[in-house]
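I have a structure I would like to understand better, so I am pasting it below and will then ask my questions one at a time.
Note that the chains are named A, B and C in the order they appear, and that numbering of residues resets to 1 at the start of each chain.
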Amino acid sequence: MKKFWRITYILYRNAVIRDLKISISIITGALNHLMDGVVSIALIFIVYTKTDAIGGWNIYETLILISSMKIITTIFSSWLKKGTGLFAEHMVRTGEYDFYLTKPFDPMIAVSISKPRIYNLINIPFYVYIFIYAINHLGRSIPPVNIACFFLLFICAFLLFYALRLITVIPAFWIIKSYELVSITDRLQNVMKYPADIYPRTMAILLSTLLPIFAISYLPVKVLLFEPRLEYIIYTILITGLFLLLARLFWKFGEKHYGSASS
Amino acid sequence: MKIINTKKLTKTFSKSEFDWRRLRFNKTDNIAVNKIDLEIEEGEFIGFLGPNGAGKTTFLKMLSGIIYPTSGEARVLGYDPFEKKYDFLRQIGLVMGQKNQLWWDLSASDSYDLLKEIYDLDEQTFRKNLSEMVGVLGMEKLLARRVRNMSLGERMKCEIVASLLHQPKVLFLDEPTIGLDVVSAQAIREFLKRVNVEKKCTIILTSHYMADVEALCKRVVIINKGKKIFDGELAQLMQKYAPEKRVQIILPTLSDREKFAHLKFDKKLWEGKGIISVPKNKLKNVVEEIFDQFPAENILISDPETEEVISKIFQES
Amino acid sequence: MLKTNWAYSANYFFSQILDLIFFLTFFFLWKGVYGNSNELIISGYTLTGLITYYFATEFIFRFDVIGAIYLNWDIWDGTLTNWLIKPLRITLLCIIDPIVEKTMSVILALPGFIASYFIARNYIDLPSLPNFGLFIITLLLSFLLNILFNLTFHALCFKHGDQDNNIELINYISWFLAGGFFPLSFVPGVLGQILQILPFKYLMFFPANVFLGKYDPREIILGWIGMLIWILIFYFIFKRVYREGLKHYTGVGR
């Protein structure tokens, strides 16, 4: 574990050194990520000028949903997104992955943490502000047990998002060009931003089970704002464990079929 | 002690394509490595030769655990490479001439810091290894330069240093001198020789350049179409496939050329020179006749070019 | 190019599904807001009008040039060298290349687009044939404007290094200001009026409303004139930035 954090530190340090060489890149990179959140929040404000509730959620509840989802995806984006993306787009195709296989460090982890984008963390305060602003304007207090359950599910949500990302990039072992696969988790964020209640029941069930994105955004916030039902908590923990295991097994299976790239 | 041991090691790449006319999948198999048996002792420096697509790099990748073999067995340092145990990975190094593991936008030293953590090297060992190699290769000024701003030769030096920081027992080199100028290639060869002798590092080298193999390897393994067709000392290779000497005669005048034409040997003309290939047991008689007819300063007796011999082997196989 | 896209058929299949998800999200969101009623009119749009707007912008989005222009990466990794030594007009090639690339990807996106129509057909009003013709002309002008707008930023790589992040940011902002996420008329007050004046509306909002038949011929012609003026402006800016930038080109990486 110590080795993992030491390596993460060096990778972050190297990322900062690299990014400082084109410092404008940091600002615009951070702004890029911020833009998506700003646009989403702007859209929510526009939508709520036309209605009081969507799927039974008021504006503040929806803002909490979006901001908590953006905090998860921003941390993910600063740490694990680029590495996993490059794995699918570049490393397997060019054979760069060979070097990860010959080092005494888990290649799946190594690939995931290989390309941090530290500047994305600059956006976290903005989303935390929106989160707290919305909580303050809710007009009701939140019991401590809800908060505790929310933090537990928040961690599960991050791990589940990572597992989903891995599952979408692992086909790169077989599929030569998989740019769209890489963008699945990004595109699905568009669905995660809104309460599951606006979608048809079939779609909501599918997106809570087969592709459990609602376990990442919707369930943790539902537990925070409404009743922290035990079945939601157990379900989220179980599905997180299941998808992490699936991702790991799938990765190992992919490695067995890895053919490297011609010189 | 046998540091590398393979038994019938095989790798087949299968490809499935959907045939829209017949509405079924067609599977094609390409046997890249075909039942290769090989034993390598500690401290050896082995050259792998073969034409493009022979299977050399695939074989190397199986030994380093990158690719999973289809069948057969491989043991490197007593480990199954594909299990990728950390104790095994800490003892091997890999350099690929056409790929780089260093961070493109950073200096080499930033990449070395990362490798230090990956290989759990203590600061003292790391600094000692690094300064030693940097000194030998004359790379002091390169350490702080961004990799993307280096020439190919400089980059390869940095790559080789990266692969040796942790003092591996086995080093796999896949075409390390490809694209390098003569001076850079020479510097790298001398360095590798030194590593092999001083650190007793077993080195497996694949290369298209005979200069690499002649300078570094006593033993060569020739692979063609996935099969091992020769495994032995380079001198043995020359003895087996080129048991003749080559006599070159410079023919500046017409009368020299007429005299050459009348010689009753297996001969040819090439770029104004007469060339006669002579079995070694008949060399004395041939040489006597030639020295009688032509000036000594126009005569050169040598062994055939290694490259010619290797090409001959590929064609025959 | 067709062969290349079919060779990567898994990638193609997923791209269709993902594009559909984006459309469906907005479809369900606004259905919820309108309460599934077509009586309600918000800022000039009924539910059908709004869904049709998103349907049109989904199609227009297929012409997004991000990923179809490679100038920034070619400069940054030195690949441009391969083109500079050939007898070609690079600036013209930079404009033609994304047109070719996008033509094929638009054709390949049609199945997904047709699937969107079938799912939401009760809420989509297709335009008449003449209106569709006007829409296509507007769309092509918008596409050309977008290419030249982006090329200007790509060419900045010569002097200022990798522009990948900047280009992504600028495109995101421009799609937002263009009405890619909601019609510009939804933005209230002064801000809404400003957005209607800026040239970004020509990228999405204007062509989408031509599709919806919201403009009379006079307004369409005026719109086209505005687009042509901006096309010329960005053409000359790009050429200038490219010419000046080329003097700083080092070809590092090759």
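Assume a contact is a pair of C-beta atoms (placed from the backbone, for glycine too) under 8 Å apart; a residue touches a chain by one contact, two chains touch by 3 or more.
On a predicted model such as this, the values are computed, not experimentally measured, just so you know.
Peer 1: Among all chains, whose Cα centre is located farthest from the one for chain C?
Peer 2: The most remote chain is B.
Peer 1: In terms of Cα-based centroids, which chain occupies the most central position?
Peer 2: When every chain is reduced to its C-alpha mean, the one closest to the whole-protein mean is A.
Peer 1: So, what's the distance in Å between the C-alpha centres of chain C and chain A?
Peer 2: Computed value for the inter-centroid distance: 27 Å.
Peer 1: With chain centres defined as C-alpha means, what is the inter-centre distance between chain A and chain B in Å?
Peer 2: 46
Peer 1: What's the distance between the Cα centroids of chain B and chain C, rounded to whole Å?
Peer 2: That pair's centroid distance is 52 Å.
Peer 1: Inside the complex, what are the residues of chain C that reach chain A?
Peer 2: Against chain A, the touching part of chain C is residues 7-8, 10-12, 14-15, 18, 21-22, 25, 28-29, 31-33, 42, 160-162, 164-166, 168-169, 172-173, 176, 181-182, 186-188.
Peer 1: Can you list the residues on chain A that touch chain C in the complex?
Peer 2: Listed in rising order, the residues are 22, 24-25, 28-29, 31-32, 35-36, 39, 42-43, 46-47, 49-51, 54-55, 171, 175-181, 183-184, 187-188, 190-191, 193-194, 198-200, 203.
Peer 1: Hey, which residues of chain B end up touching chain A in the complex?
Peer 2: 13, 57-58, 61, 64-68, 84, 86-87, 89-90, 92-94, 96-99, 101, 103, 105-106, 110-111, 113-114, 117-120, 174-175
Peer 1: Can you list the residues on chain A that touch chain B in the complex?
Peer 2: For chain A paired with chain B, touching residues are 3, 6-7, 10-11, 14, 17-18, 21, 94-96, 98-99, 101-105, 110, 255-260, 262-263.
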